[in-house]
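Both complexes shown next keep subunit A, but they swap its partner, so subunit B is in the first and subunit C is in the second.
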Partner chain A sequence: MAKVGRKVGYSERRANPLARYLNILEGKAFAWILLIPSLLLVSLFIIYPLYRGISLSLSELELLKGPDAKFIGIDNFRTLLHDPAVANAAKNTLKYTVVGLISQMALGMAAALLLSRESKFIWAARIAVMLPWFMPPVVTAYMWRFMLDAQYGIVTILVSHIGIDIGGQGIWANPDKALYGVLFVELWRSYPFFTLFILAGIQGIPAELRESTAIDGASSFQHFRYVMLPLLKPVLFVSTILEAIKLINSPTLVLLMTEGGPGDSTMVVPLLAFKKAYQAYDFGYASAISVAVLIAISGFAMVYIRSVGFGKEK
Partner chain B sequence: MDSNSVSRRKFIGVAGGVAASAAIGGPASAATKKPAAKKPAVKKPAAAPVAVNKPGTGVVNYWNHFTAAAERAGFESVTAGFKKASPNIDLKVETIQNPDWMTKYINAVMSKSGPDAMMVTQARLADMARIGGMVDLNARAKAWPDFNDNPATVNNALALNGSQYALPVFAFIDWGYYRPDFFAAKGIKKVPTTLEEFRLAAIELTDPTKKIYGFGLRGGAGGGGFITKLLHAYNGPIIDPKTRKSTLELDAAVDALRFWVRLGTKDKCIPPTAASDGYAQFMGSFKAGGTAMVLHHTGSYVEITTPLKAEIEVKTFNYPKGPKAEMTNVSPLGNGLFKGTTNPDAGFEWISYWASKKAQVDFLQATGYWPTATGASADPFIKNTPAFRVAENALKIGWTSYTFPGVENWEINTILPNVQKALNETITPEQAARNIWTELRDITDTK
Partner chain C sequence: MAVSGKSKYAPSAIAINVGVGLLIAFATLPLIWTAYTSVRPEIEIVKHPAGFMFGNLGFDAYREVWKYSDFPHLLGNSVVVSFMTMIMSLTLGTFAGYALSRATFGGKQGILLFYMLVRVIPGVLLLIPIYILMQKLNLLDTRFGLALAYTTFTLPAAIWLMKGFFDALPVDLENAARIDGCSRMGAMWRIVLPLVRPGMAATGTLVAIEAWNDVLFALMITSSNRARTWPVGMKLLIGEFQLPWAQLTATAMMSVIPVLIGFGFAGRKMVAGLTAGGVKE
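Moving on to the complex of A and B:
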C-alpha cells in the first residue's frame, strides 16, 4: 500500500484504486474543501463583524438622528485624537492594565509556588484559591462594593480595628482611590488565572532539576531565578498577553462598581465606547474608539512578542 | 436630517400599513398597523370607540426592569391577577437591569427580534420612539373602554407627536422622607418647604460625631434626575414645550449647582460618600439612621416603612420649592408593544390589564407606587395612609418629566459626572453648570 506523503505514480494508481483516493486526499484542492466550513465560520463570526466595525468607524451613525449611516472618512478618528474624554480614558486604561498585570502576576506567582508543594490537603487549598475566578463578575462587584462601603462595609470596620481608616469619603467617592479600589477587586478576582497557568507550568518542570541544582549548591531563590523562571517564560508570556487583552477590553467591573465615576476618574476606554454606543447612541464614534483599541492591542501584542522573542529557537 | 429620516420611516410605515390593511381588509388588522390605524382615530376624536380589541391567546414575552424586592412582590400580584383574567395567555417575563435596558432594546430593534410588550419610562420614551421599535397604540387605546380612566395629562405624558406609545400603570410621584424623631431631638418643628429652609434644616440635623447627616444626597447612579428637577426649580421649565429648545438660563444653572454642591463642600450636611451613593447606599443609610432626610418618590414607601415605623420614625414631605418653580415632579411609567411583536392582540391585552384600576391597586399595595387610574386613588390603602396626603398634594403642584431625545444620556453622562467633580472640588460649581448648560443646548439644537 502506498504510504501517505509519497506521490503515487500513474501505473501505481491504475493498479491500486486506493492510491487514487490518497492522491486526492493529499491534493491542495481537497485541503481547501476541508477548510471551507472553518473559513465560513471565521468569515461569519470574525471577518464580517470586523468589517462592520471598521466600516461603522468611518461613518456617522447616531440613532437619534436616523437609522442611516453616512460615510465620513476618518473624521471620527480625527475627533478622537483631540477628545479629552478619550485621552483621560486611555490614561486610566493604561494604569488599569499595567498595575493590574503586575499585581496579578506577582500574587498569582506567589500562590502557584505555595500550591505546588506536596501536601495531603493541597487539593482543597487549590480549589479555594480558584473560587474567586469562578464567581460571576456581577456578584463579585456588588459583594466588594458593599464590603468596602465607607460606613457599613465589613472590611472597612475590620481594618479600622488595626488602625487603617478607609471611612470618611471611602474608596468609591474619592477620585484618587476609586480606580485602585476596582483594581483591588480585579486582583482578587483574576490572580487565580495566573496561578492556574503558572502552577501548570511548575508541575511540568522535572523534580530532578531541583535535586541537581541542590547538589550544585543553589539556593531556593537561585533555583527559582535561574531554572524555574526561564522554564516558565512561555507560560508567563501566554498568560500575560491573554490577561492584558482582557484588562484592556473588559469594562465589566468598572461599569458595575463605579460606572466610570466619580466624575470620570475611573473611565476606561471600553466603557467610554459602550457609553457612546448605548447611552449616546453614537455608533459611528463608538466604533472608531473600538477600532483604535483594536489597533492598540495589536500593536502591544506585536511589540511584546518581539521583545520576549517568543517562538524563536535559541 | 433628523426629521427627514424619521419622516421617511414614517412614510414607509404608512405605506406598508395601508398596503397591509388593504390586502387583509379587516378593521382588526388595521388596528395593528400603526400609522394607518392612527389617522382615522385622530381625525374623528369625538366618535365613540366602535370596537374593542380582539381577545388574545398564546405567548406574550414581556420585558421589565423591576429589581427591588417590593417591586417584584407587587409585580407577582399583578401577573397572578392577569393569569386569572386571561388564562389563555402565557406571559413570559424577562427582567433586565436598568443599565442594560437600552443595550438590549437597541439590539432587539436592530435584529428585529424582541419582546411582545415592554416597560417604558417617560425619560426614555423619546429615545425609544426615535430609535424605532415602538408601536403606535392610538387605535387600540381608543378602542379600549378604560383608556380615559387615566387622566389625559398622564396619557399624554406617554405620547409623542400625537402617537400614544404606552399605557400608564403607575406614576413616580416625588416626595421626601424625614425622621420626625431626629427633628424632635433638634427641636425643629417646621418641615422645610423651600430649598433654603431645607438646607438650614439639613445643617441643623447634622451631627458628625454620631455619623448622622441632615440630607442623604444621591450623587451616584440615578442622581442625575435630581439635578434636572433642581434646575427646573431654579429656572422654571428648562425646555420649551413647543419648540423643544433649551430655555435654561446659565445664571439659574449656576445658582442651582452652587446650592447643591455647597451642601457637601461648605455645609457638610451630606455624607462624604455622596458623590458615589446610588439607591442602595442612600436608602440604606436613611433606613439605618445615618441621614435625617432623603428625596425619592412614593415607590419606596413600603420598603421604607418596613424597617421604620410610619408616622413615628418616618414621615413624608413634599420636595422643597425652588426660587422659580416647584421641584416636585410627576412621571408616569407605562407599557408599550414592540414593533416586531407577532402577538399584538395578546400583548395589548396584557398591557391594558395592567393599566386597569384593579392591577394598579394590587401593585400599589405591595409597593406604594401611585396608581394613575382615576378611581384607584379612592382605594382604602390610599385613604387610610396619612403619608399619601403628601402625594395628593404633589399631584397638584408637580410638573411632568421632560421627554426629549438624549435626555437620559444628558443626565447620566453630563450632569452626573460634572456634579460629582464639583462635589469632589475638582471643578467649580460654575464650571459644572456651564458644562451642563452647554450640553443641553447642544442636544436640543438651541442656538
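Moving on to the complex of A and C:
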C-alpha cells in the first residue's frame, strides 16, 4: 500500500486511524490530480504518435499518391537494408556520433576542471562558457558557415597565417571535409553540455578529499585519475548516453549547414528520414528509417550499459 | 572553498586563468565577430575580410532585412509560440514536479523514468504522426499547434528541473502550514510556490529558449507566414536569396538578441539549477 511518507505531519500522526487513512488517500489523490494533465498531454503527443509511427513504418503511405496507409508488413525494412543511401547515412551517423562524443567529452572535461576552481567571478565565466549551448542553431550554423567560408571567412584567413591551408574550395564544398566542419561546429555548440554535467559532479566531491590525498603525496594528476574519475563515473555515464542519443537523433545542425551535401557526404540517418518525409512525403519509408534509428539507439544503450557495468556496483 | 590551498599567484593558478580566458574567448569571439560584421558596410567585408576598423559602421543591413523579410510578424510568432510553450510547460511541470517531489506512491519511479525515456525517441519518428494528428485536430500551421508540440518535448525536462527545485525545499514548511489549517492546495499555492519562484524563472527561460531555437518541428508543422517562426523564416530567407554577408549576420543577430536578454536575465539561476539537477542523476 502506498503511503504519503514525508508528507504526514506531526499532528496527523496522533490523529485517529480513520482520519489518518483518509489523509493518506487525500494526499495520494492530490498527487494524481497534479500529475494527470501532464500525463494526458504526453500520452496524446508521444505515446499515440509513437504507436502511429511504428504502425506507419509497416505501411505504405506516400501523401503525393494518396491519403490512405496500406499495410505492407516489413517491406519498408527490407528495402531499407538494401538501400545504399541508408548505408551511407548510417556510416556518416556513426562517424558523427563517435568523433562528436570523444571531442566533446575531452574538451568538456578540461573546461569543467578549469571552471571548478572557486573564485569570486567564476560564475560569470561559467555562464559565458555555457552560452553556445543556448544559442539558436540557426544562428550557430550560419555564423560558422560565414566564418569558415573559403574566401571571406575570418577563421579560414587566420589559420592560413599559421600554415593551415583549407584549400581553394574551402570546407563546405569539399566532400572529405564538410562532415568535419559540421563536427567542429557541433563541438563548439555542445561541449558545454558535458562541462555542465561534469562540473556538477565535481562540485559534489568533498574538497577535503584533495587535502587528504595531498597529504598522502598524490600529484594533481593522480588525484584526478584515481579519486575524481571513479567518482565522476556515474555523471560521465549519464551525460555520454544523453549526448549520444542527441547526436544520433538530431539532424538540426547538418540540416542547416550542409543539408547533407556536397553530394551526400554529410547525409545522416535522421536527416534522410526528415527529407523523405518533408520533401518526398513518403511517410511510410521515413517512419521505417526512424524506427530503425530507435532500435539502433536502444541496442547501443543496452550494449553500453552492459559494457560499463552500470548497476552492478549497486 | 578553494580546491587546493595554493596561492592565487602560483604558476598553476595563472595557467588556469589563461585556460578560462581561452574558453571564454572561444565561446564569445564568434558572436562578437558576427555582431561586428553585421554593422560593417558590405564592400568592406568583401574587400578586407579580416579587416578591423570602426569607420562607416551602421545598421543598413538590419533595415534591409526588416524591409523584405516580414521580420516583425515572424518574430511575433516566435515570441507567442515560445511564450505559450513556457506557460504550458511551467504550469504542468510545476504541478507534476511538486507531486513527484512530495508524495510517495506506487509507480512514481516509473513515471520519472518514463519522462526520461521520452527524450530517447527520435524526433523524426514522432514528427510524422504529430503532423497527421495536427492535421486532424485542425492545428496545422497554427501557433497553438506548434506550442503544443513543443510542450510535449519540453515538459519532461521542466518536470525534472522543478522536482529538483522542490526537493531542495524543506517539507517542514508545508507541514507547519498544514498544522495552521492550510489545505494541501493552499500550502502549495501560498507557501511553496513563492519560494520556488527563482527555480520557475530558470525553468521557464530554458523551456522558452528551447522553443525559440527549434527549426525541425516549425519547418514541418508550419506552411505559411501565419504561424512560421523566425528561425524557419531565416532558413528560408537564406536558402532563397544569396544574402550579402552583412544581411546574413544581421539576421543572425536579430534572432540571438532575445536569447541573450533571457540568458542575461536568468542565466545564473539556470546554470545553477541545471548543475543541481545533474548531481541528482
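Everything that follows uses one rule, which is that the second predicted complex is superposed on the first by the 268 of 314 C-alpha atoms of A that agree within 3 Å, B and C clash if a C-alpha of one lies under 4 Å from a C-alpha of the other, contacts with A are read in each partner's own complex, and residues count from 1 in each chain.
We adopt the following convention: a contact is a pair of C-beta atoms (placed from the backbone, for glycine too) under 8 Å apart; a residue touches a chain by one contact, two chains touch by 3 or more.
Here the structure is a predicted model, which is why all the values come from computation and not from measurement.
Peer 1: When the two structures are overlaid on chain A, which partner does A:V159 contact: first (subunit B), second (subunit C), both, or neither?
Peer 2: neither
Peer 1: Of the two partner chains, subunit B (first) and subunit C (second), which one does A:F134 touch, if any: first, second, both, or neither?
Peer 2: In the superposed model, A:F134 contacts subunit C only, not subunit B.
Peer 1: One more residue to check, A:A273. First (subunit B), second (subunit C), both or neither?
Peer 2: second
Peer 1: Go through the superposed model and pick first if A:A19 touches only subunit B, second if only subunit C, both, or neither.
Peer 2: A:A19 sits against neither subunit B nor subunit C.
Peer 1: Quick one: is A:Q151 in contact with subunit B, with subunit C, with both, or with neither? Answer first, second, both or neither.
Peer 2: Touch partners of A:Q151: subunit B and subunit C.
Peer 1: Give one of first, second, both or neither to describe whether A:G53 is in contact with subunit B, with subunit C, with both, or with none.
Peer 2: A:G53: touches subunit C, not subunit B.
Peer 1: Touch test for A:I297: subunit B only (first), subunit C only (second), both, or neither?
Peer 2: In the superposed model, A:I297 contacts subunit C only, not subunit B.
Peer 1: Scan A:F45 for contacts with subunit B and subunit C and give back first, second, both or neither.
Peer 2: second
Peer 1: Using the touch definition from the top, say if A:G261 reaches subunit B (first), subunit C (second), both or neither.
Peer 2: Only subunit B; A:G261 stays clear of subunit C.
Peer 1: With both structures fitted on chain A, tell me whether subunit B or subunit C touches more of subunit A's residues.
Peer 2: Of subunit B and subunit C, more residues of subunit A lie in contact with C.
Peer 1: Quick check on the output: what are the common subunit A residues between the subunit B footprint and the subunit C footprint?
Peer 2: Of subunit A, residues 146, 151-152, 255, 278 contact subunit B in one complex and subunit C in the other.
Peer 1: Would you mind writing out the residues of subunit B in touch with subunit A in their complex?
Peer 2: My answer: residues 1-2, 4-6, 9, 99, 102-103, 106, 127, 130-132, 211, 219-221, 271-277, 280-281, 284-285, 288, 290, 405-406, 408-409, 412-413, 416-418, 420-421, 423-424, 426-427.
Peer 1: Could you please specify the touching residues of subunit A with respect to subunit C in the complex?
Peer 2: Where subunit A meets subunit C, its residues are 2-7, 9-12, 26-28, 30-32, 34-35, 37-39, 41-42, 44-46, 48-50, 52-53, 56, 110-111, 114-118, 122-123, 125-132, 134-139, 142-144, 146-147, 151-154, 157-158, 188, 192, 196-197, 199-201, 203-204, 207, 210-211, 214, 220, 234-235, 238-239, 242, 245, 248-252, 255-256, 270, 273-274, 277-278, 283, 286-287, 289-291, 293-294, 297-298, 301.
Peer 1: Tell me, which parts of subunit A touch subunit B in their complex?
Peer 2: Touching subunit B: residues 63-68, 146, 149-152, 168-170, 172-175, 178, 255, 258-264, 275, 278-281 of subunit A.
Peer 1: Which positions of subunit C touch subunit A when the two form their complex?
Peer 2: The touching residues are 1-5, 12, 16, 19-20, 23-24, 26-28, 30-31, 33-34, 37, 45-46, 49-50, 92-93, 95-96, 98-100, 102-106, 111, 115, 118-133, 148-149, 151-152, 155-156, 159, 171, 174-175, 178-179, 184-185, 209, 212-213, 215-216, 219-220, 231, 234-235, 238, 245, 248-249, 251-253, 255-256, 259, 263, 267-268, 271, 274-279, 281.
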